[in-house]
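In what follows, chain A forms one complex with chain B and a second complex with chain C.
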Partner chain A sequence: MEKQSKSYFIHLAHQLRFDLGDKEAQDITDEFNILIDQMDLLNKIDTQGVEPMVYPFEEPTSFMREDVVNHVLSALEALKNAPSSKNGFFVTKKVVL
Partner chain B sequence: MKYEVVIGIEIHCELKTKSKMFSGAPVVYGAQPNTCVNEIDLGHPGTLPSLNKEAVVKAIQACMALHCEIDPLVRFDRKNYYYADLPKGFQITQQFHPIGTHGYLDIETSDGLQRIRINRLHMEEDTAKQYHVEEESWIDFNRAGTPLIEIVTEADIRSAKQAMAFVDKLRNILVYLDVTDGKMEEGSLRCDINISLRPENTDAYGTKTEIKNINSISNIEKAVASEITRQSALLEAGEEVQQATRRYDDVAKDTIMMRLKEGSVDYKYFPEPNIPPIQLAQSWIDQIKVDLPELPDARAQRYSSLGLNEYDIKQLVQNKALSDFFDILIIGVKNIKLAANWSCGEILGALSQKQLEQKSYALKISELRAMINALSDQIISSKQAKEIFPYLLKGESYDHVVTSLDVSQVSDESILKQLVEEVLNENSQSIIDYHAGKDRALGFLVGQLMKKSKGQANPALSSALLKTELDHRKP
Partner chain C sequence: MSYQSIMKNISIHDRVFEALKKAHDVQPKLNAMVSFIDPTSQLEALKPKDNTLPLYGIPVVLKDLVNMKDTITTGSSKILANYVSPYDATIVKKLKEAGAIIIGKASCDTFGMGGTNKTAATGPVYNPYDLSRMSGGSSGGSAVLVASGVVPMAIGTDTGDSVRKPAAYSGIVGIKPTYGRISRYGIIPYASSLDHVGFFTNNVLDAALTLEILAGRDDLDMTSSQRPVEKYTEACVGNVSGQRFGIISNVTDAIQNKQTMRQFDDLCQKLKDQGAIITKIHLNDDLMKAMLPTYYVIANAEATANHSNLDSLRFGVQVEGKDNEAIMMASRTEGFGPLLRKRFVIGSYALFTENQEIIFRKAQKVRRLIVEDVQKALSSVDCLIAPASGNGAPLIEDSQIDLLSSEYLVAENYMAFGNFSGYPSMTVPFGFDGILPLGVNLTCRPFEEGRMLNLAQGIEDLTGLKDLICEVKP
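The block that comes next holds the complex of A and B.
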């Protein structure tokens, strides 16, 4: 796997809207690159013919929730973290897909 | 050149549950924005989805009605995309292991009986609703997390008429199952229709377009027909069809380009780690089958065995609310055909669809039944029934109305005999016709007598008295 530079993590942090100090950026870069080395070790293992394991347990579960309303937020609570809201709506810049 | 039309349909159907697919927030249409949500629907960090059992029941019911094979191991996957209608950054769906596969639905059009194969039926969650206002997008997360099933057909549909017949029949089945309210105008049933044309007797598919945002059953036929016309004109002119998403404009009566499709988006699907596979017990699935409500085809057969004609059967079965009304009405009714006439006629005229669906009418069905039975026994005439009916609609009882309106029928033989004399004296030709074997003559004479009595003569008694007197007057 490809190693990443410090500037890559600073760029990522910026995109995710939080600040990353110089030391933090260096630490995270070092840790990430160690992880990548470990992944490379795992990549060397021969997994030919081995089914991928998605869940940490082999047995399926059986629980399903009853169709009951048990928790709802007020609009005020729902909008609490929204940077911008109007008339009870979350508001973003216009994005039409 | 002659072209063959190739159509496949995807239907998204909102399930009629009380709570969301993966959260205990309510599912309500038309509520104030962002008042039917909780942290799970908003994709807050640290929340975990929990599967709604009723949504699974409804999905299985739909699978059964569409003859799908059911996968008893329920598994979900993530469809990753970044857009404001999806707060988590992914939609939980069943990409790899749909709950239903290999189904079919038989439709009947003027082309005959046709089997439309169902490729898959899977469960997923709905997204938020966005309103684009000038330079802003306003987002309401009430719809986010509403349980959905998506039904995907094979490309087996060959005309606009068939496309409409398919969605109409499917919608009716889902409404009978009470899986959904099926309201296209409110978006609880949405269909995307893929259309392409290819030269007749060739196998390769042409370039397809997808039509979205069709808000009624009748607009399906119009939208598909106009898109077929548009595509054939392009091909005839030697031009190419552009792969695109289009919408139907009800005013322009044409499909309008929304966006071009450039390759397929990579949604980086992977198994949903927060919902471990859920094993459904076969006995539980079997019980759902046992409890499956009556479906439209079965109901039509039942009506046929009751002796109703095809027109009445179609009228009733197409409208579940009306048909449910009729089913209650006929418990203890003496004349089923009469009950069907009143249901499809006066009832449909007097009650709105909403009243029928919500059973929000003052009319007591037992009183209507009493009136229909009286009509059937010729205790009252149909003219009198029409006078009585408006009072029944207000919730009054049949007996009370009959007494207060003084609509009691004239069954007094001396009065009726007087009328019989008058009618026969005035219609000598009908007496000759009657004895010449013309059945219609008697009907005509009864009609004349009813007219004279202002509709109040007892028809059965009048008819009998007329016959007796006619025999006396045999030429």
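The block that comes next holds the complex of A and C.
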């Protein structure tokens, strides 16, 4: 991991669709430097030939069921929390001008 | 307050409304609740039911990540401040079927992302033993509501140690069973490969009963285990004779607080006197020190992906903007606190194509090595044991800690191995540092909750520290 600048993190935040204040970006930059030091602790460990661990352990969880509709969230309920909806659809700003 | 003591109050109406009143009374001091739920309709629904249900008329609280139909579930965030759950989480259904009455949602670090409960949108939660100290997090609100005698049980979630650490700071029992043992359906996620449902009680037997109710297969959660659920209450006899405890010496070596260690040594001697076999286990030092950065990388990367759906277009608090991009930008900036923004930035950094192998995959490989080391240790002992923290609850404003010291990296963060491995892990009180409670942590092999609860019962019997209530004067 390399040191990064404040402007780098602001750019990264924009890609994630939020903004950072100047001081906040500086705080992240400073903390990133601590993380770099902590990451060195990982880099000291030999992981040659080790498989990444994605889930805790393999436990059979798949199952078969009848092919019938169940557990449905109605459109009305799905739209209940929408800031704006109309005729069963979410309403957003126009995207095709 | 235990299940048994609250049931002495015959009227379930009185039980529930007394708990609700107490929750209101302590709120100005503890700041533990995010929302209160009117229990009237739940009490009505309970009327025709069998009064021998295990949690009949017992008031309980949910962490504010748990969906319950027609209640506000904010994740202790600003962006979901107006979110009304459209359905019940599976554990909510199970609690209702067992007769429990849910009286509110408890504060947590936003979306469970933190270990202090200082990042909740509603402000920090205070520790009932000393109001200048933190509850710990992320399930801090749930912990202090049990510790202060508002409810006998509260639901939490645990991604790094978010049930077990606040339990230790609050003098109560906190348990995170095996990954897949309790359904996570209907719970706002943090990091899916590490998230567990857990809960708090005032004693070990209540924890065993609660686990019997909550555990079991759920087709709606594809990580849910199909293994049958044991009768945990029957396993919970407190017999430690012949049981092999492995003290994690990396943790005990790193703890600086002599009070903690003196009491921990006393406990181990008492266990030995009861016929337990106590040995020291030294896990790989490099792996133990790598625990926190490994956790940080994996958890933040998964969280960044999980929360990319928070766009404020389909749900959530929306801030005005000239187009959808501007709405998203303004809503996410306003709706995420600084800690969340920081974690998302770090998480996305780890997920960049050019960083995936050297950061994210590297962390996943180290995770495997950590788990293999723990698994090896648990092949020679029945449980791993160590203080859950070197100290009692820190001051809210405390920041005087070296982030690269063994005390911090190992003694304060080792419990994440329970999340990396998915192994069952729990904390029970074992002493006090001044007025502050101390907790001891046990970790066992997967699906050995019965054994773990039996050992925890043995510790509770030896210390006599059960049903501790720290009354908070309104």
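In the analysis below, the second predicted complex is superposed on the first by the 55 of 97 C-alpha atoms of A that agree within 3 Å, B and C clash if a C-alpha of one lies under 4 Å from a C-alpha of the other, contacts with A are read in each partner's own complex, and residues count from 1 in each chain.
The rule is short, and it goes like this: contacts are C-beta pairs under 8 Å (C-beta built on N, C-alpha and C of every residue); 3 or more make two chains touch, one makes a residue touch a chain.
Fair warning: this is a prediction, and the values are worked out from it, not measured in the lab.
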{"item": "Touching partner for A:Pro60 - first (chain B), second (chain C), both, neither", "value": "both"}
{"item": "First (chain B), second (chain C), both or neither touched by A:His71", "value": "both"}
{"item": "In the superposition, chain B vs chain C on chain A residues touched", "value": "C"}
{"item": "First, second, both or neither for A:Ala13, with chain B first and chain C second", "value": "second"}
{"item": "Chain B versus chain C as contact partner of A:Pro83, first or second or both or neither", "value": "second"}
{"item": "Which of chain B and chain C A:Val95 touches, first, second, both or neither", "value": "both"}
{"item": "Shared chain A contacts, counted only where both chain B and chain C touch the same residue", "value": "54-55, 57, 60-63, 65, 71, 73, 78, 90, 92-93, 95"}
{"item": "List of chain A residues in touch with chain C within their complex", "value": "1, 9, 12-20, 24, 27-28, 31-32, 34-35, 37-39, 41-45, 47, 50-57, 59-63, 65, 71, 73, 77-78, 80-83, 90, 92-93, 95"}
{"item": "Residues of chain A that touch chain B when the two form their complex", "value": "54-55, 57, 60-75, 78-79, 86-97"}
{"item": "Contact footprint of chain A on chain C as seen in their complex", "value": "82-84, 86-87, 179-180, 193, 219-220, 222-227, 286-287, 289-290, 292-294, 296-297, 304, 311-316, 318, 321-325, 327-329, 332-333, 336, 338, 341-342, 344-346, 348-349, 355, 358-359, 361-369, 371, 403-404, 409, 419-423, 446"}
{"item": "Residue numbers on chain B that touch chain A, as the complex places them", "value": "17-19, 23-26, 32-39, 42, 50-56, 73, 83-84, 131-141, 259, 271, 273, 276-281"}
